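Labels run A, B, C and D following the written order; every chain starts at residue 1.
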Amino acid sequence: MTDHTHEIAHQGDPGLDRLLFFSDGVFAIAITLLSIELHVPHGWDGSFAGLMNASWKMLGAFAISFAVIGVLWNAHRRCFLKMTRFTSGVFVLNLFVLAGIALMPFATSLLYENPHGGDAFLIYLSLVALTGVAQGLTYGYAAFVADVIRPRQHAMMRFSAFLMQTLMPGLCCGLTLLALGRAPLWIVIGLAVSLTLLISFRVFAAKRFGPAAVAA
Amino acid sequence: MTDHTHEIAHQGDPGLDRLLFFSDGVFAIAITLLSIELHVPHGWDGSFAGLMNASWKMLGAFAISFAVIGVLWNAHRRCFLKMTRFTSGVFVLNLFVLAGIALMPFATSLLYENPHGGDAFLIYLSLVALTGVAQGLTYGYAAFVADVIRPRQHAMMRFSAFLMQTLMPGLCCGLTLLALGRAPLWIVIGLAVSLTLLISFRVFAAKRFGPAAVAA
Amino acid sequence: MTDHTHEIAHQGDPGLDRLLFFSDGVFAIAITLLSIELHVPHGWDGSFAGLMNASWKMLGAFAISFAVIGVLWNAHRRCFLKMTRFTSGVFVLNLFVLAGIALMPFATSLLYENPHGGDAFLIYLSLVALTGVAQGLTYGYAAFVADVIRPRQHAMMRFSAFLMQTLMPGLCCGLTLLALGRAPLWIVIGLAVSLTLLISFRVFAAKRFGPAAVAA
Amino acid sequence: MTDHTHEIAHQGDPGLDRLLFFSDGVFAIAITLLSIELHVPHGWDGSFAGLMNASWKMLGAFAISFAVIGVLWNAHRRCFLKMTRFTSGVFVLNLFVLAGIALMPFATSLLYENPHGGDAFLIYLSLVALTGVAQGLTYGYAAFVADVIRPRQHAMMRFSAFLMQTLMPGLCCGLTLLALGRAPLWIVIGLAVSLTLLISFRVFAAKRFGPAAVAA
């Protein structure tokens, strides 16, 4: 039943199809351009150990950003999964998401050229968090303002989905980066608690207001 | 009814589908390549303020060009929305649009390396305006010469759409850049008046010759 | 009738669809990367005339290559228009076409960094001609060996299409470059005559063995 | 019959369609970016021989990597050919495949900047082999864990397909590179024997457990 609904969802609007092609293109280019900043280190002695010594920071930043863009792509897929029509508001908000994605290679290069004690972690984290917020607003606009998500769910379900889209990327990425960077314990714990609360709320909403609950 | 028409519009011609994939690819690459010119400033001290001081011009040019390419993509989407077939003329004119888009990253780098009193603003503006003209000609060719826009509208409607496609990008971008650059007031006012006249004409044509008016 | 056939042609094989997405992606990236070699000239004085003086060679090479890739894309579209299935042979030959396209930005940079009396024109021309040959072989393989072009045409029609695909890009591009470069008259005339013979043969074949002639 | 099955396979899930667009985008960009490292040699005298002398290593590495990415794309196409749904596990494993593809241009530049006696061959080979393993795991997950391959085949058939996907890229690429690099004979022979055993097992499985055998 659900599968059948998906099938129908995307087929009414060539404008939405093109928006998704365009967005997938931007994601694919940004994720591949991450590797364009990887250069053979000057005076490389040819050994694997030498490469790792000189480039582990670059390769680490590449790996983190690759995962981040991958996760954001998946969030983007979910966000547009049940959208039925192109609307200008969604287009404009989605443009902010794409701007965040297009800036990821730049933010990644900040990350590994970060001087000691610099703000690069914070800038990188802010970019991921803001991209998440833009994604959340795109979903929120589609669900509440333009009302183009079908089948339409209970407002509480839509609100929890909006909250997940908005806050997850920043929280997850923050947790990872802070854990890697040995941040003060209370910040890491604070983030983990927020994340747990967010997921609990989503699960609660799904139980209480989800299709199964409503049907029952 | 309208939605149904859209659905049919795109499905007759694989050639047109490929033209749209190809065009979306060029748009997506150009918009993402904008960020490739963003570099970590030499001797960056690691602070956010330091980054902004050194790079605000680059980031500003990035933001403007991102918005411009986004808007031109949306105009491109509208231009091809009701086209029913691939024709060679549309392909050739569309190639000029794509050339304009592909040159945007270069024009953006001119914009922020602009020496004092240089022509970079004018060159950038001309590129946007010419891309708009190429887009307008593409639509005009499709609507008047090849006659592949369906449902076919009154000639006055097609003419006003052609005028909008042709002049809007240049006028809007010019207005923004001039306002940012504190241009002489009379130029800004002149552009705003032209824009108002253009939109009024479009609204008038839609009322007088649009589908509703004809049906009445 | 013909339109209906097109519609059917592409819908049987997701493998062929993906091959076309992949190819369109390579074409779109190569055509956009042409502009990545355009740089603001060192010590630019900010004027349009200064930019043209310093960069007209680069901009000219960009324009020629943009047109060449556009034309080759259109030939690629025609080549695959009536293909019905993915076959490994077509995939491998198409890979050679894509390699030629991916090398175009490199060949373009050879073109404008060409020292006096160098071979850059010849290298560029050979690349375009070889890409055309690869395209022709792709079509020839599909039409004669794999036999996946539908509706199947008379062998003479297929042969003339194969010849056009193979020789046109090299002949046209050669004619343009040689005319621009003030080549010896007899070479230009030779190329023009070959081109005329080729087109005449195609028109003759279409009249004698085309669908209309066969039906009559 | 088989063709009809393909047709159905891909049409249930827009999520899977977007995953394939996204992946094709990454493949297309990586294969085109290979050529971005090709530069006009310093002090080029303009002759073809001069270009070849200075750049044959770069052009050779470009050709090998182009073929490798092409072959991996084809393996990716086969891997997803009969998949019916998007699943998160497939998405995550596919992300590792894409990371391997995105790193190919970097590995290629290692290959031709390889100092004498360096590990670049081994690093390059490991990357190709690991990408193959990731591809194999993607297929294995889809076939055995998520069970989204239709029509479902005998476990032995799925296992042999998984083994082919996993080991082929590394074996083939290793064989080529070692043959080119004049490796000790016993290594080349060892690889060739492994390859032969792998293919024999696949052929045996197809005969014994394939659709024809089961139907008989």
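Note that in this section a contact is a pair of C-beta atoms (placed from the backbone, for glycine too) under 8 Å apart; a residue touches a chain by one contact, two chains touch by 3 or more.
Because the structure is a prediction, the values reported are computed rather than measured.
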| item | value |
| --- | --- |
| Cα-superposition angle relating the copies chain D and chain A, to nearest 5° | 90 |
| Interface composition of copies chain A and chain B: same or different, split at half | different |
| Chain centre separation (chain A, chain B; CA means) in Å | 28 |
| Distance from the mean Cα position of chain C to that of chain A, given in whole angstrom | 39 |
| Per-residue overlap in chain D, given as positions that touch at least 2 other chains | 21, 24-25, 28-29, 33, 36 |
| Sites on chain B touched by chain A in the complex | 3, 6-7, 9-10, 20-21, 24-25, 27-29, 31-36, 38-40, 44-48, 51, 62-63, 66-67, 70, 73-74, 77, 81 |
| Residues of chain C that touch chain D when the two form their complex | 11-15, 18-19, 21-22, 24-26, 28-30, 33, 36, 85-86, 88, 91-92, 95, 98-99, 101-103, 105-106, 109-110, 113-120, 122-123 |
